[in-house]
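Below are the structure tokens for one structure; questions will follow.
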């Protein structure tokens, strides 16, 4: 591990140590603020439940991210080819983006049932907007010198899109994914609160209503780890695909 | 957090001392009440609203601040931390919280003498009795409650004979057919569903022998020990409030609407109030007054929960409630 | 086959500021013509009009009766700018290959990308990415890319402006070598008179904004040209004189 990694780990360990000491010294009851050791015990003890729950949430989040991302890309592509669509599509997108998810999620459960469908839809609704905006920006950010060259050879729009716009948009797309990926997890968890049978969101909700703080924090810890993991994945995919910047 | 309780206790003692130390001092004493949910005509909330508006609290020398919880469970945390003096809680949940994680809470008045919950199905689905639940989807909120298993036992069905499904808080899943049997609060969703034009079949676990109990006023062991007189005064005022509600429901709903707000549904609140009053009146309360509670009641509920694995460990019910603060 | 620029004018902005006024000259096919003027005299605009990337306000550019649009559609234009504009996400070889695939004209039998890269002396970096090459090497790739199209008309907008003098000299030599084999029609924009004299057959001199043709100088020197020689420097002086506002006449060197 390099020096930065050591410093980061040191900070985290230090923070946990202070937290543990503070709880022990003040005698704070476990149902108000649990100590890291309480949380660790739950993590260790409930592994066989936490892992499948994490898996469910992750699957739903990923599904939503794929759907939302595809939607955003499609819309951006359509606008790039048919500029007249821009106003209409953007108005629709803004409308969807401005609707609070909390209001939408319960209705989706009523329509789509208790399975993964409403979670995927909620997540897609959350993630499509950053992808749409960034892809559009990316499609329009072709280096002017490159754009000139393509004009000089009279490249047809489809060729221009595939050979110039799409590659130029890739860095923008990854920037959007870095935002959308952790967001997708939040979307899946919020949707689970509205009525789910499994997943981290449900565990968090149950733990909170039972005032089981160690379980609540444990689920949050797993969620945080997932979020960080997804982010890392996006960053490494970016490094491999966008190596020229 | 314990330090805070100590400070509160010291202040209480101090103010009592300043007031001459007499238990029936006329000096004003402050209390904070937090309702367990948003403003509505739940009977314990009603008792407090009426006591405030009709001046019963003032008569007892109490200055009560009325707050409402968002429904997430933080009212119990605030109570334990000493930020709130009295709150409301379902009796079964109170037992569960005493078992795990061991919250030091006590019921000072059991308003709901029967449980709040029941199960409904749309009449046109043709489910006439719990025996017809076989092969159908039965919804629950959170975890499957012992009520479900009690009803199934009573009609000779197993849990595996029905499909238990985790549902949310939107009753439209019932009307849209996502689930066949839906868990409700008797004083709430049935009214809404009927307003939408649906006829319902309802089943209450109490009718099948389950010793369910409803909402109670809850305080911490410590606070009650330190200043029982304050809580007695509180209970006197709110019981008067509930008696007022029984005698004049219409006027009571007007008071409730002040807390619910302008966009509230008055009819719905009236339905809620009348349903809750039904559940609060039994032979026992006719004799001893609203809020009366006995060890038998609590023990029956305790054993019921234990039998259906809804209680983490056994609890001494005599510590869970007290009737000494009731008028 | 000649390229005709007839009375071209162009203004920009609101209120309109004239960039070019009444530009009129002819370019014979297979010749190397330089367009010279100070920065801001509209020479880049002129090149873009010839390429059909900008529309003139007045006048027209034609080649055998075809408009710049027709020329581009016929993949007859090879464009090189100050920035090489290579695609950074493609390897050098694939940049050249892309030019060929976009501009696929079955009747033009063209060398393979690797051969073209050899021609410009970059065979050994065919598998590299553009950002791994120096500025001069990137321009060589751009040249190879232009060759890959097989276009008869080369439009070049100060392609060496961003390079150091030594690189410029080497590239200029290599460029001329290749051009003399291919004999495309070249329009070369630059602000550097000696460079124009070293490369071109004819030099069109533009006044500073609004750009008007101050004069045309024919350079009759044999290649390779020696910049230190007297005839060379005479032409340079002549061009300078014209630009300084002397007789706007056609003079043979």
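Labels A, B and C are assigned to the chains in the order they are written; within every chain, residues are numbered from 1.
Going forward, a residue touches a chain if its C-beta (ideal position, glycine included) is under 8 Å from a C-beta of that chain, and two chains touch if they have at least 3 such contacts.
All figures in this text were calculated on a predicted structure; none of them were measured in a lab.
Asker: State which chains count as neighbours of chain A and simultaneously of chain C.
Answerer: Under the touch definition, chain A and chain C have no mutual neighbours whatsoever.
Asker: Would you mind checking which chain's C-alpha centre is most distant from the centre of chain C?
Answerer: Relative to chain C, the chain whose C-alpha centre sits farthest away is B.
Asker: If I average the Cα coordinates per chain and compare with the overall Cα mean, which chain comes out closest?
Answerer: A
Asker: Averaged over CA atoms, how far is the centre of chain A from the centre of chain C? Could you give it in whole Å?
Answerer: Taking the average C-alpha coordinate of chain A and of chain C, the gap between them is 50 Å.
Asker: Can you work out the whole-Å distance between the CA centroids of chain A and chain B?
Answerer: That pair's centroid distance is 39 Å.
Asker: With chain centres taken as the means of their Cα atoms, state the distance from chain B to chain C in Å.
Answerer: Here chain B and chain C have centroids separated by 87 Å.
Asker: Which residues, counting only chain A, touch chain B once they are in their complex?
Answerer: 26-32, 106-107, 109-111, 113-114, 194-197, 202, 205-206, 208-213
Asker: With touch defined as at the start, can you tell me which chain A residues reach chain C in the complex?
Answerer: So the residues of chain A touching chain C come out as 143, 145-146, 148-149, 151-155, 159, 163-164, 167, 170, 243-245.
Asker: Which chain B residues qualify as touching chain A in the complex?
Answerer: Spelled out, the residues of chain B in touch with chain A are 1-2, 72-73, 76-77, 80-81, 96-97, 100-103, 142-143, 165-170, 172-173, 176, 178.
Asker: Could you list, by residue number, the parts of chain C that touch chain A in their complex?
Answerer: Residues of chain C touching chain A: 51, 53, 72-73, 75, 77-79, 81, 83-85, 87-89, 98-99, 102-103, 129-131, 149, 155.
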